[in-house]
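Below is one structure, written out as structure tokens, with a few remarks after it.
Each chain gets a letter, A, B, C and D, in the order it is written, and its residues are counted from 1.
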Amino acid sequence: MNILITGFEPYGGEDYNPSGEIAEKMNGEILNGHKILGVKLPVSFKRVGEILESNISDSNPSVILNLGLAPRTAHIRVERVAINIMDGGPDNDGYRAIDEPIVPNGPAAYFSTLPIRRIVEALRNTGIPSAISNSAGTFLCNYVMYRTLHFIHINGWNVKAGFIHLPYTSRQVAGKTVRFPPPSLPFTMLVEAVKIIVKTSLENL
Amino acid sequence: MNILITGFEPYGGEDYNPSGEIAEKMNGEILNGHKILGVKLPVSFKRVGEILESNISDSNPSVILNLGLAPRTAHIRVERVAINIMDGGPDNDGYRAIDEPIVPNGPAAYFSTLPIRRIVEALRNTGIPSAISNSAGTFLCNYVMYRTLHFIHINGWNVKAGFIHLPYTSRQVAGKTVRFPPPSLPFTMLVEAVKIIVKTSLENL
Amino acid sequence: MNILITGFEPYGGEDYNPSGEIAEKMNGEILNGHKILGVKLPVSFKRVGEILESNISDSNPSVILNLGLAPRTAHIRVERVAINIMDGGPDNDGYRAIDEPIVPNGPAAYFSTLPIRRIVEALRNTGIPSAISNSAGTFLCNYVMYRTLHFIHINGWNVKAGFIHLPYTSRQVAGKTVRFPPPSLPFTMLVEAVKIIVKTSLENL
Amino acid sequence: MNILITGFEPYGGEDYNPSGEIAEKMNGEILNGHKILGVKLPVSFKRVGEILESNISDSNPSVILNLGLAPRTAHIRVERVAINIMDGGPDNDGYRAIDEPIVPNGPAAYFSTLPIRRIVEALRNTGIPSAISNSAGTFLCNYVMYRTLHFIHINGWNVKAGFIHLPYTSRQVAGKTVRFPPPSLPFTMLVEAVKIIVKTSLENL
């Protein structure tokens, strides 16, 4: 069995995005005997879908984790649902979407097929703050989650797939000259969290 | 030269306070050749002052760090100033103060004598989020900061002294069943931060 | 044409809920020639559905506004989507739901059929802070929104329906003895907002 | 007896500051038989002090209210204390202060001489959210509060003086295209609050 982990390149004026760094760092690693394909995705409504789908088709994964950065968040947010809407921007191509469907006539939403509650429990039992989130937003994070779940749905594949929002890394926040630094967790804890999420997903296949 | 580090016992319904744990853990350690006295203080307006002053007198420190917990904070808050007010509670004795002076006819405020800006820079250069804070509140944290600075002032001692507010530890937050976990940093990072603060203070004696 | 406005009774330790007060206050009023039926709903997963559906069937409305309170919100939140999940509590019957579907085998989500972007613009043009929201939570607010949209969907009715989250009233917050009062708007502004929302919905039938 | 009310011109990229608008609007009004002098001050560390002191000297006030805008605040913040520090910027002259004293060798802080707790109670009894604040920051608001209290102190005048932080107006926030609008109160409520603060101060002379 293979595992696909995606993250994003930096966007929105930031020069660093932990989600893409983790995906690239874990690329090629073996976890519980399963090979990880780690891919950094562009923050582009127009380009990301094709790259995402070809990576899914090529790697034939049993578990797909899409990772992204949630700037104001203090914990590991395990997303419950993706909605059929693009609203936000500009993305890294300069495109700004307003209330557009991701898949015209597609379902309003897909629920994550990851064991989200068990993941939150496993993380918290390891000392990592985590909670279920009920909105992945309407920008690229929600887009990638919806596209992934729609693709495995229309293909009829039985894959554990879902989205995880990560906070800033502590080092990233330490580099910001601001009066009220946003919340963060260290990079090593984010990597540990991703491994726990993969293992919990494998246990619940 | 000696170093005095104080923290607090738990309060306000919490069963854990990282500030007191760090003070106790570092008690007896040698840092840059200097011995640390680490003391856990009671969250009591009535009892804490005498304990604090006897520890200062007994240890004759060159650096005093008073540590406390700031529940909603995401970083290491280096306090700038303590004000001559008690307002808050109940403390662990059940006492609730309303707009009382800490030292009747004492000065309205004392500034920290720590090199607060250099401390923030040293922490941020190490990858630890930090910022100067302009209010230590009006509860026990501000009280201990004011009492310490007043005591060294009236004795005419040249001591680097000040207050540091710590966030929750990540493990502590992971233990809370809440929808929106508050910000946190790992315990090991808080301990590392305290050591950097002591070293930066020693370099600026 | 008729207009149905629902709000909620108090819950969660509060003794006041502006959403229910506004629904009751507007009951029987005529707006742009259309009669308003205003109903205060129970905060009960088990009881609210039947009451809601019978009110919809009896009043045969062209516009349905479900109102609710969002304690940490500073503006009029126009909800975009309801998801097929109950997760939260206890409700006023003491019931606590964990990851249950509202309608087993129902669609994952329904989008609001209100002209949500025009509503936000109309409110902002009148000087009332407002924004689209992408999550109505997973408690009674989301439940009532989903049940309403599901009911009109399975009946094939062409109704403008959706959910509006209101902040606390300023008077309600003024009654709370807290150090950091939560955001609020005056009751009169909330009533004005509801009228603007109804009018904008009528203009877009 | 005269009453001096100051507010500020816009700053920091905003084109509106309710504090200055209220000061100008109330200029010349009679409240409880006392004449109000309302002055809009520049957001300038270098220029504001002289303008402030000449207005105090000329009007010989019994009550001085300095008003300012606190962008993230949801209520009327009655400031307790001003500290002898300038740290922030750039101001409207482009000046950026770093840890400078306002008055070299001046006291570390001055407490407000307004009846701050009674003011908070009076506002809350009228349905206006309010709380005591323990930090006026280190930018122009704190500067004007310190300079005012220092000036009446060195002159030995018995004046009720202090600083009030106002939230954004609702109309101001409605004009911002943001996903999460900041807290606000309507302009009319802010004006009502200022009148209640003046009256409560006059009752406690």
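Some points to look at:
Heads up, the rule we're going with is that contacts are C-beta pairs under 8 Å (C-beta built on N, C-alpha and C of every residue); 3 or more make two chains touch, one makes a residue touch a chain.
All of these numbers come straight from a predicted model, not from anything done at the bench.
Touch-path distance (fewest steps) from subunit B to subunit C is 2. The most distant chain from subunit C, with centres taken as the mean of CA atoms, is B. In the contact between subunit A and subunit B, the residue numbers used by both copies make up over half of all numbers at that interface. Once the centre of each chain is set as its mean CA position, subunit B and subunit D turn out to be 31 Å apart. Once the centre of each chain is set as its mean CA position, subunit A and subunit D turn out to be 46 Å apart. Our note on geometry: subunit A versus subunit B, Cα centroid distance of 38 Å, whole angstroms.
Multi-chain contact residues of subunit D, defined as those touching 2 or more other chains: none present. If touching chains are joined by edges, the resulting network of the protein chains shown is one closed cycle, each chain touching exactly two neighbours.
Applying the touch definition to every pair of chains gives A-B, A-C, B-D, C-D. By the touch rule above, subunit C contacts subunit D in their complex via residues 74-75, 123-131, 170-171, 173-175, 178-186, 189. Subunit C makes touch with subunit A in their complex at residues 80-81, 83, 85, 87, 98-99, 107-111, 117, 132, 134-135, 137-138.
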